[in-house]
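To start, I am sharing the structure in question, which I have written as structure tokens.
For reference, chains read A, B, C, D, E, F, G, H, I and J in written order, and residue numbers begin at 1 within each chain.
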Amino acid sequence: MSTRPARTLEIVPNPHPDRDYEVTMTVPEFTCVCPVTGQPDFATIRIRYAPDQHLVELKSLKLYIWSYRDQGAFHEDVTNRILNDFVEAARPRWIEVTGDFNVRGGIKTEVRASHGKRPEI
Amino acid sequence: MSTRPARTLEIVPNPHPDRDYEVTMTVPEFTCVCPVTGQPDFATIRIRYAPDQHLVELKSLKLYIWSYRDQGAFHEDVTNRILNDFVEAARPRWIEVTGDFNVRGGIKTEVRASHGKRPEI
Amino acid sequence: MSTRPARTLEIVPNPHPDRDYEVTMTVPEFTCVCPVTGQPDFATIRIRYAPDQHLVELKSLKLYIWSYRDQGAFHEDVTNRILNDFVEAARPRWIEVTGDFNVRGGIKTEVRASHGKRPEI
Amino acid sequence: MSTRPARTLEIVPNPHPDRDYEVTMTVPEFTCVCPVTGQPDFATIRIRYAPDQHLVELKSLKLYIWSYRDQGAFHEDVTNRILNDFVEAARPRWIEVTGDFNVRGGIKTEVRASHGKRPEI
Amino acid sequence: MSTRPARTLEIVPNPHPDRDYEVTMTVPEFTCVCPVTGQPDFATIRIRYAPDQHLVELKSLKLYIWSYRDQGAFHEDVTNRILNDFVEAARPRWIEVTGDFNVRGGIKTEVRASHGKRPEI
Amino acid sequence: MSTRPARTLEIVPNPHPDRDYEVTMTVPEFTCVCPVTGQPDFATIRIRYAPDQHLVELKSLKLYIWSYRDQGAFHEDVTNRILNDFVEAARPRWIEVTGDFNVRGGIKTEVRASHGKRPEI
Amino acid sequence: MSTRPARTLEIVPNPHPDRDYEVTMTVPEFTCVCPVTGQPDFATIRIRYAPDQHLVELKSLKLYIWSYRDQGAFHEDVTNRILNDFVEAARPRWIEVTGDFNVRGGIKTEVRASHGKRPEI
Amino acid sequence: MSTRPARTLEIVPNPHPDRDYEVTMTVPEFTCVCPVTGQPDFATIRIRYAPDQHLVELKSLKLYIWSYRDQGAFHEDVTNRILNDFVEAARPRWIEVTGDFNVRGGIKTEVRASHGKRPEI
Amino acid sequence: MSTRPARTLEIVPNPHPDRDYEVTMTVPEFTCVCPVTGQPDFATIRIRYAPDQHLVELKSLKLYIWSYRDQGAFHEDVTNRILNDFVEAARPRWIEVTGDFNVRGGIKTEVRASHGKRPEI
Amino acid sequence: MSTRPARTLEIVPNPHPDRDYEVTMTVPEFTCVCPVTGQPDFATIRIRYAPDQHLVELKSLKLYIWSYRDQGAFHEDVTNRILNDFVEAARPRWIEVTGDFNVRGGIKTEVRASHGKRPEI
């Protein structure tokens, strides 16, 4: 289990900054490690955001998600950390991150957090 | 059929108490006993809450749900009791509990109760 | 085809009358008779209500639904009659009854009626 | 391809005119003819309305829908014409007509139009 | 990879301009080329609009969509460009364009943009 | 609960008796009465047969199925009785009858019986 | 209701006559008229065949299917007639025709007929 | 955790012993206890059999399944034990028992065992 | 529309040539051009094969599929051509190619061809 | 990327070695690393076997699957390696291993291999 910080998200200019619109990226291949048991966890991460001046670059998002592979992370915390990193990198007008984790102990957990006010689109 | 009180839910600190976010836990393996007929009942319990200062610890939730296995419980009552116990333990900003019970007598019953005001997330 | 009135719905005290909550009962086995052609009709009846001082007792609901088996009934009328009987018996804070009838003449009909103002739950 | 007007919709009294309620009729067997190419078109028509003093009689609706079989009709126009005919015949408090047409040229088209203000039910 | 502008959308008069209604066109066969890698991309494009004085002619929409086949286009940009072209051609009261792109690098992307204020229908 | 025999199935000539082919009729609206408890039972009946000299006439099948509405019948028995009546009436080259009954006591029951040797079609 | 014979199916040479392979064509837009009641019937027709020297030309199949629109036809008969016409036109090594008809009188009917011996593919 | 033997299955005469036919009973509400961890396990049990002289009585099957509620049982063993008990009680011509257990440790297990030779039905 | 031959498939050694096993590759992003109308066609191609001494290299398969983008191709012919190219490149013990093409003229076409004898796996 | 051998599978005695039966274990959480690109791969592994004298112990299977997390592995090879390891550890009468891998480069790959002759169950 590693304690390295996650990789940095990279950005590109938003080609239509004068309009509110919404981008949804679904990543079914998120995996990290339970900090208590050391066992792997699996989740689908869904990021939905209204870009302001920048988009997140797709390949850097892929590498960012991969960088959690050896990290210890609790469900509620890691979903909020992804949200924070995305906000810091791209400064979207609004963003929602959902972590939909696989069953553990017969219980399925989903965490959903957001930042900013969703524009009407 | 037992009359022991249900096990206690345990809590851990919320790592992001400064933000409204939502946690959904789905437990498809709830079973209790009908107080009238003594026959087993089965349900999926879904708990959706916005944590305040504490999260409910996952393993204690699993044990709490198991502790109903020998309890006599009506559908409407047990759903509200789970809600009350969760509120008392974790004091969430908002919480909704849904009990989705299997068909009995050709009728399917679902009970949904909530506490507090749901934040916009 | 019978003209007997439907059986009476029985009630039990609401164990949590101090809280608004919602009970949904789905009955996929409703059958009655078309008053014009004498042919059987089939429907799924869904009752969703916020109880006030009383719940409807499950077994009496089953017998009430069965009592339509030989009754002549039009789709729009019978859905409203079930709503009226439920209101008279249990005096819920809010109730919605939906009758989802099987295809006749290549047309599928669904009727939805409500009584009272739905509380925010 | 015919230019006869569509058959007339017939009505029956609403047995519960003192209450707002909603009737949804789904007709998966609508067919007409493209006025440009002469080729048959197929659609599912869904009519959702809140009756006022009258219901539309089911059998006359079936015959009304059949009467389009040889009519030339564009997607957007025919959906609005069905809405107009229904309004004229039954004077509902609110009505929505949706025409969900099969794929043509690799494109699927759905048209949705309404009349009046939907009551809260 | 071509840099030709997309084909022009053609219009026909709206047969019911006095009423707000909604047309949804779903095109599952959109393909263009990634400007960075030269690799083909695939998407389902969904256009939902409330026409004003004009409808978009169906066959010209098909040809318009085909004209992207050799164009280089980023997901976020091309969805907004389709929206702009549609607005310029048909001047609808409201329009929403959604581009639902196939998985690339294990990530699925959906872009949704709109123009104007959606009427209540 | 009635003990009248079921209605008679009527037949029409098979228009293609020189060829083995297969007809499947699915009836989702079968209902009878439990001989022990007097409670209604519901099932989907599926009849699959290879006609010889006769087909079963569709309307008489509908009336035959309806005639079970007041009959007392066990799941295993009634499925075999329908098979026997169909064999007696139409003398098919092969026939299979499946009764797919709704859940009772938390248990779903399906009964499948056949007569004759299925031709290769 | 017309008694004109159906349109003729046209053929094109099989580009790979030296190999057994299988072509499946599904037509969800078949409609004809009930010879008894004059009411329209709807079906999905599925044709699965192993071509010999010829394929059936796609556009002529479309027109052939359309030519049933005004024909009176029973379910069992019309499925066999389509099989016969296809055999006569294309002389396939093996062919199966399935007619999957919409619900009439609460009963769904599917007819499946074949000709020749299916090669192992 | 109990070590009492399971309840006895009761039988009734087969009303059609002269014919091979098949009965499938699906029980989605099986629960027992893991002998190692003491944790509850959940499964859907499916029993498919061709009766000989006897059927298994439905209510006794329900009670038999319930009697595992406090028993310790491994997946592979309990599925075979149910098979053995059923064979001993009803002596069917053929029987297959499938235990479809819920996910444990991220792994889903299904066990399928049979006795006798399945007749062609 | 191009007449260039398709790109060449490349191969790598089979790491387990001493065992019969099966590889299924599904490509939902096949597109070519109709030789008659010049319009684009879309299909999902599924290749299922039992390798002998070689596997087909995944990236070269992707480029091979892309090389049809500007090719004119009929449904039946192109499916057989892909089969032939795969056989020539990898010499599998058995292979089946299925082309599942999008609806054209209201008709969906699927073509399935194979080469060699499928081993029991 | 590691080159350590995978963890060892542990076994327990088969409680019913005198009977042929079948165990299916589905593991949706397999992940390894592409030996060429270093990128993570994801798959669902399904193991179906007829045990002889031993079962594979569930927890050791979980740890065995986890041990691939840092291994470089090609799709076809790793599926066969899991099969070999399982055969060596448990010596089943028959076993089939299927690796169902996520989309890469727009192509989905499934590998299926088996060992021994499947008994009739």
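The rule we apply is simple: a residue touches a chain if its C-beta (ideal position, glycine included) is under 8 Å from a C-beta of that chain, and two chains touch if they have at least 3 such contacts.
Since we're looking at a predicted model, the values are computed, not measured.
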Of the pairs given as E-J, D-G or F-G, which one copies B-H, with over half of its contacts the same by residue number?
D-G
Label of the chain whose CA centroid is most distant from the centroid of chain D
J
Taking the mean of the C-alpha atoms as each chain's centre, how many Å separate chain C from chain F?
31
Euclidean distance of C-alpha centroids - chain A vs chain B, Å
28
Please report how many Å separate the Cα centroid of chain D from that of chain J, as a whole number.
56
Averaged over CA atoms, how far is the centre of chain C from the centre of chain H? Could you give it in whole Å?
37
Which residues of chain H are in contact with two or more other chains?
28-29, 42, 102, 106
Once the touch criterion is applied, which pairs of chains come out as touching?
A-B, A-E, A-H, A-J, B-C, B-F, B-H, C-D, C-F, C-G, D-E, D-G, D-I, E-I, E-J, F-G, F-H, G-I, H-J, I-J
What residues on chain G touch chain C, complex-wise?
42, 102-103, 106
Please give the residue numbers of chain J that touch chain A in the complex, ascending.
28-29, 31, 39-40, 42, 66, 69, 102
Mind listing the chain D positions that touch chain E in their complex?
74-77, 79-80, 96, 104-115
In their complex, what parts of chain A are in touch with chain E?
14-16, 19, 21-29, 51, 55, 58-59, 61-62, 121
